[in-house]
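Structures are listed in the sections that come next.
Heads up, the next two complexes both have chain A, just with different partners, chain B and then chain C.
Moving on, here comes the complex of A and B:
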């Protein structure tokens, strides 16, 4: 965190000054490790073993926060007798189809309270995840809430062998300190110190927070890493309480914003799922499948209709399903990596690259560039002439002779972009906080904001439209923002106000609770409703922290409804009283009959803790007064996920796709549902191969930004880390003849790159399974050109294209490699070297 | 003259982000210092110099990493200022030491005079450059750029007396927490430079960070030397007089 989020790390330092203990679990010794009380080096790709052992420690030692667990999680829920755990099937859950490499989650569902009891709305969701699996694929699980029976059978004594608590206990029973030692390379004493600290800092009086970043997500089991942390935090009562939670540190500014108002293919604004071809015919069918009916997703009709009204205005009417049919349909996986493979195959003809540099910044650099070379046209919008725009004339494949500029038919349009200080708008950071920033200076020359680009592109396209019926959705689009200045910049505030939404009177709405399903309200993103409440840009508020409460509600605006902590009803006990004076945050005021406290309560303000839903209730009315997790179908925190995941209801440790070690826990070595691509462009290192004996991991440095387009070009940053380097331990340096300050060549089946060598005692060789495991670390900030004052080989050229099955994220943090002294060969000889490694 | 202003750099909370180096260069328009991979941990700017006025050291000491942002010490007894023949170096109303680039003639006398090796001449420019403690910002009522940019308050700016009190309390606190290796460096007015206007809290011996353990103002002996020289001159005069007198006789 100190390494990649130094500004945010000031708060960790402040917490430390107040006595907080900081553990840093990372394969790498970073600036964070230097400031932590304890650095715990771990083998890259083994974190679920560690987290699973912590869960086991909590369960077997009786350290769980029992009152919280019973009331707020699904620990007592009883799971179908059809369910089989990885303990039964040697690393598989029930429902796996080996041919399609997918799970049917039907057997993971809850057992209904009464045999044959109808779930709300005709039993649509009574089958747990089955229906969801039929209508959506894992790529849609992140949206709209996973379905589950809202009232399963429960055993409050937690003794039923099929209750979630007992399933969990059994599932993690072999995740022991010894296993941690053998799989993670963490000595048992270090594990016990960590476990004791986590338990001691949890409960009524204390909370523990976990902070992660892409070191946890970029794995073929990335989503399950986060699930492991969620289970641990729920068991310890650390969710929805001050000082608790799981904090995702984002990769760049406003990445949170770019999922809220998505740049992802599979969701609409506000996490509504994108319609699927063939299964979401018509508004009614979409709504039947889109999300849960109980909990706040139960208002999905209002969210979607208001969105459609926002996009198509008066053209959207009840008679035409509010233009639902104007929405594009998904026909499958349209994620980044399938798109790139489509470019190679000739099915993807054009590509917009905006603020990204895939030729250097995405896994499998060569595959990315072959994709770019297969396009008809490519638009690159950036501040500098990044490698993605120049691959056709100076890319590595030109140097090796694989490609020739005269053979590449891609027409490249490079359009200069305005920087963040040259445009107005909001950033949404990881805390869901929207912060408005003003334009400080005019962009120079032809540089324009992204808003300008898309708005004027849209206007020009619309001018060229014929009367053809197929163009009607574009013609009907509301596309009329006020413009100002010489360059006719559209008003970003007008866009924010449109996102906020308006009521029948045309005035800005102040809450998503005011959204209607009858077409009388418009809202561009339901979770952002209120950011323009009272016709005021709430995101622009800048009242200093010292002049307001500790929660600082008047700095910017957080979605939803300016809540700074989600699910904060859990900061009070089931009866609505704070768990302790020390950790009081939000509580029920019996006298006034409402929830109150330091933050905006994440609960209906007047819903008493005594409220129990009547039979057949839907939406928030189906959530009882003691259920804090109001976006879930049952209002509970899910220790066991009966649906919503493509690779199992519980996290299980699987080795990375490329790993030097066997899986000691199961016969199943790697995640059975991971996405593998059998492609000649991007071959894999065989698992356990002696040719690639070292663990390879990629990372960032404080001094640079992502693929370097915004830092290699700046002398003040470039001089601080001027060359691509790799970090190795003194032991590995001795083993391979590497010299500090010299050169090394790092080889995988995809590429061989060169880097300067930094030998450091900070890099620890790990002892496990009777052998020494060396890890090679490479920052990924360099590329061959990019208008940079410093250049170097790209680390991502080394990485495989193998993905997590839920969110299609690449395994960028754990693979294998070889490392040898000296610079890499050039030209044809470089290809020969890689070929030699592939053959062996 | 206003209160004496200074820096207290608490290296125990330095996270090595180098924001101070960058902010300093941005504000003061200092050029880059070359693009050299030095293979010295995460430090590629090496040392303070004409084009690096804040420098973050990364010291790998076995199982840890010491990070520390070095800067001109703005000595009470500043030798650079003593030896400057043009008056380009002067003491400001904040009791800091600043080079006026439009007066400096590049003679370079100040360079060997500095007991810390801070001030240096810039290649191709010839003039001497160093930290000004953002003299222009101070005159505008702002704190120096490095202190402003520091996310963890490792670099603190303020009236020197106040900083010394704060530093003493911080050391006491660290000692109480068992961090007995914590010590102050340059805070003592009785040291060889009369105390630094920019002093430090270090977590190891000064030598570990490349700092002289017992710096002495290089012009300390100048008055004495002048006295010796004067005495020598006087005695020469005496001899001459005697000789002349003798001749008269």
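Moving on, here comes the complex of A and C:
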């Protein structure tokens, strides 16, 4: 965190100054480790073993926050008798189909409270079979709320053998300190110190926070890493409370915003799912499958209809299902990696790359570049001539002679982009806070904002339409924004106001609770409704922090409804009283009959803790006055996920796809549902291969930014970190004859790259399973050109294309490699070297 | 100013004479006349750092239509005026001399860049979108309506503004393009 989010780290140091214990769990010793109380080196790719052992420690020692767990989680819920755990099936859960490598989650569901009461329609429980698994499941994860029975059978004593609490106990029983020692390389004494500290800093008077970044997500089990942390935090009562939580430190200025208002294939704005072919034929069928009916997703009809009205305006009517049919349909995985394979195969003809540099920034660089070379046309919009724009003249494949510029038919348009100070608009930072940026100067020359580009491109496309039926969604699109200045820049405030939404009177709405399903309201992203409340750009608010409370509610605007902490109703006990005075945050004011406190309550303001839903209630009315997790179907925090995951209702440790070690926990070595591509462009290192004996992991440096387009080009930053390097331990350096300051070549089945050698005790050799495991760390900021003041080989060329089955993120943080002294060969000899490694 | 007076103002002489070199003895007439760029700016824009997702406040100082300095915003309750090395260097992101400000075009099988007028480039791109969309249009897939094109894809970075992402998703969806992705998955 001190390396990659340095200014955010000041708050960790503030906490430390107040007595907080800071543990840093990371394969590397970094600036964060230097400031932490304890650094815990770990083998990359083994975190679920550690988190599972912490869960086991809490459960077996009776350290859970029982009152919180009983009231706010699904610990007491009873799961179907059909369910089989990894304990029963040697690393698989029930429902796995080996042929399609997917799970049917039917057996993971709750047992209904009353005999014969069917589970609610929709989501996981609708349809079935393989087609359903491919079209409606993994693509949908991360959108809407997963469906579950809102009133399952419960055992408040937590003793029923099929209640979630007992399932959890059994499932995690084999995650022991000894296993942590053997799998993670963390000595038992270090584990016990960590476990004791976490338990001591949880409960009524204390909370523990977990902070993570892509070190937890870029794995074939990435989603289950986060699930593990969620289970631990729920058991300890650390969710929805000040100083608690699981904090995702996102890596880019508006990466949160890019998810909320997604340029992602599987979701519409506000996490509504994109429609799937065959299962979402009409609006009604879509809504039946889209999300849960209970909890705040129960208003999904209002959210979607308001979005459709925002896009298609007067053309969207009740008679035509508000133009629902204008939405294109998905048929499975349309993610960025399958898109690149589509470019190689010739299905994808044209590609827009906007402020991104896949030629060096995405896993399997060679595959990315072969994809670019397979296009008919490519539009690159950036502030610099990144490698994605120049691959056809200076890419590594040109150097090896695999490709010649004359043979590459891709037509390339490079359009220079405006910088962050040359346009206005909002970023959403990592705590969901929208901050408006004022424009300082006009962009130079041909530089334009992406807002300008897409607005004017849309206008031109609309001028070229025919009367054809396929053009109707474009013809009817609302595409009229005020233009300013000589370059006719569209008004970003007008776009933000459209995102916020308007009511029947045309005035800006102030809350998503005002959205209607009858077409009388418009809203471009329901969770952002309120950012333009009272016709004021709330994201532009800048009341100085020093003049506000610690929560600082008048700086920018956080979604939803300016709530700074999600699920904060859990900061009070079931009766609405703070768990302790020390940890008071939001509570029920009996006299005034409303929730109040330091933050905007994440609960209906006047819903009493005594409220109990009537039978058949839907949406928020189905959430009781004691259920804080209001987006969930049952209002509970899910220790066990009865639906919504593609690889199991509980986290299980699986080895990375490429790993030098066996899985000591189960016969099942790697995640059985992980997404593998059988492609010659991007082969895999065999698991346990002696040819690739070392763990390879990638990381960032303080002085650079991702693939380097915004940092290698700056002389100040280039001077601070001038050269691509790899970091190895003194033991590995001795084993391989690597010299500090000299050169090394790192080899995988995909590529061989060269880097300067940094021999340091910061990457420690780990002793486990009777052998020594060495890890090689490489920053991924360099590329061969990119207008960089400094250049170097691209680390992502080494990485495999193998994905998490829930969110299709690549395993960029744990794979295998070989390392040898000296520079890599060039030309044909480089290909021969890689070929030699593939053969053996 | 007489020679004696001039020599008396010379910092090194004053320091040799025993004055504290870390205080007034370090000052010269020139340093007395120096004014920070932040004090002489024509305007100051309130902005946000474009690198990581902490969202540090930035103050962007402008003189004569040029960015002259970028500083941390002390009012921000998030950053309290601090910036990291990247945020501190961000003025160079805007003002560095090597920045490309012209449209460049590489024709199929070409070996070099050519200049292209921006308006012309926009027209050419629009032509390609319309033609590719029509040619690769898929009304149904395995008998089910899909109304889409798999011929056009997009990958965006996560420094895009919310408003930009919104127009992208809106236009692409109306076009029927579904392979719309972002750094957020990577």
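The rule is simple: the second predicted complex is superposed on the first by the 822 of 840 C-alpha atoms of A that agree within 3 Å, B and C clash if a C-alpha of one lies under 4 Å from a C-alpha of the other, contacts with A are read in each partner's own complex, and residues count from 1 in each chain.
Rule of thumb we're sticking to: contacts are C-beta pairs under 8 Å (C-beta built on N, C-alpha and C of every residue); 3 or more make two chains touch, one makes a residue touch a chain.
Worth saying up front: this structure is predicted, and the values here are computed from it rather than measured.
Within the superposed three-chain arrangement, the count of touched residues of chain A is higher for C, of the candidates chain B and chain C. In the superposition on chain A, A:702 makes contact with both chain B and chain C. With both structures placed on the common chain, the touch criterion links A:837 to neither chain B nor chain C.
Legend: residue contacts after superposition of the two complexes on their common chain; A:761 is shown touching chain B, with no touch to chain C.
Once the two complexes are laid over each other on the shared chain, residue contacts for A:716 go to chain B and to chain C alike.
Applying the stated contact rule after C-alpha superposition, one finds that A:725 touches chain B and leaves chain C untouched. When the shared chain is aligned, chain B and chain C each come close enough to touch A:10.
In the superposition on chain A, contact of A:286 is made with neither chain B nor chain C.
With both structures placed on the common chain, the touch criterion links A:447 to chain C but leaves chain B unconnected.
In the superposition on chain A, the residues of chain A touched by chain B in one structure and by chain C in the other are 6-7, 10, 702-703, 715-717, 720. Across the complex, chain B is touched by residues 2, 6-7, 9-10, 13, 29, 31-35, 701-703, 715-723, 725, 740-741, 756-758, 760-762, 789-790 of chain A. By the touch criterion given at the top, residues 43, 45-57, 60, 62, 65-67, 70, 74-80, 82-90, 92-94, 96, 98-113, 116, 118, 121-130, 132, 134-137, 139, 141-142, 144-186 of chain C touch chain A in their complex.
Residue ranges on chain B touching chain A, taken from their complex, read 13, 15-19, 21-22, 25-26, 31-39, 41-42, 44-45, 60, 62-67, 151-153.
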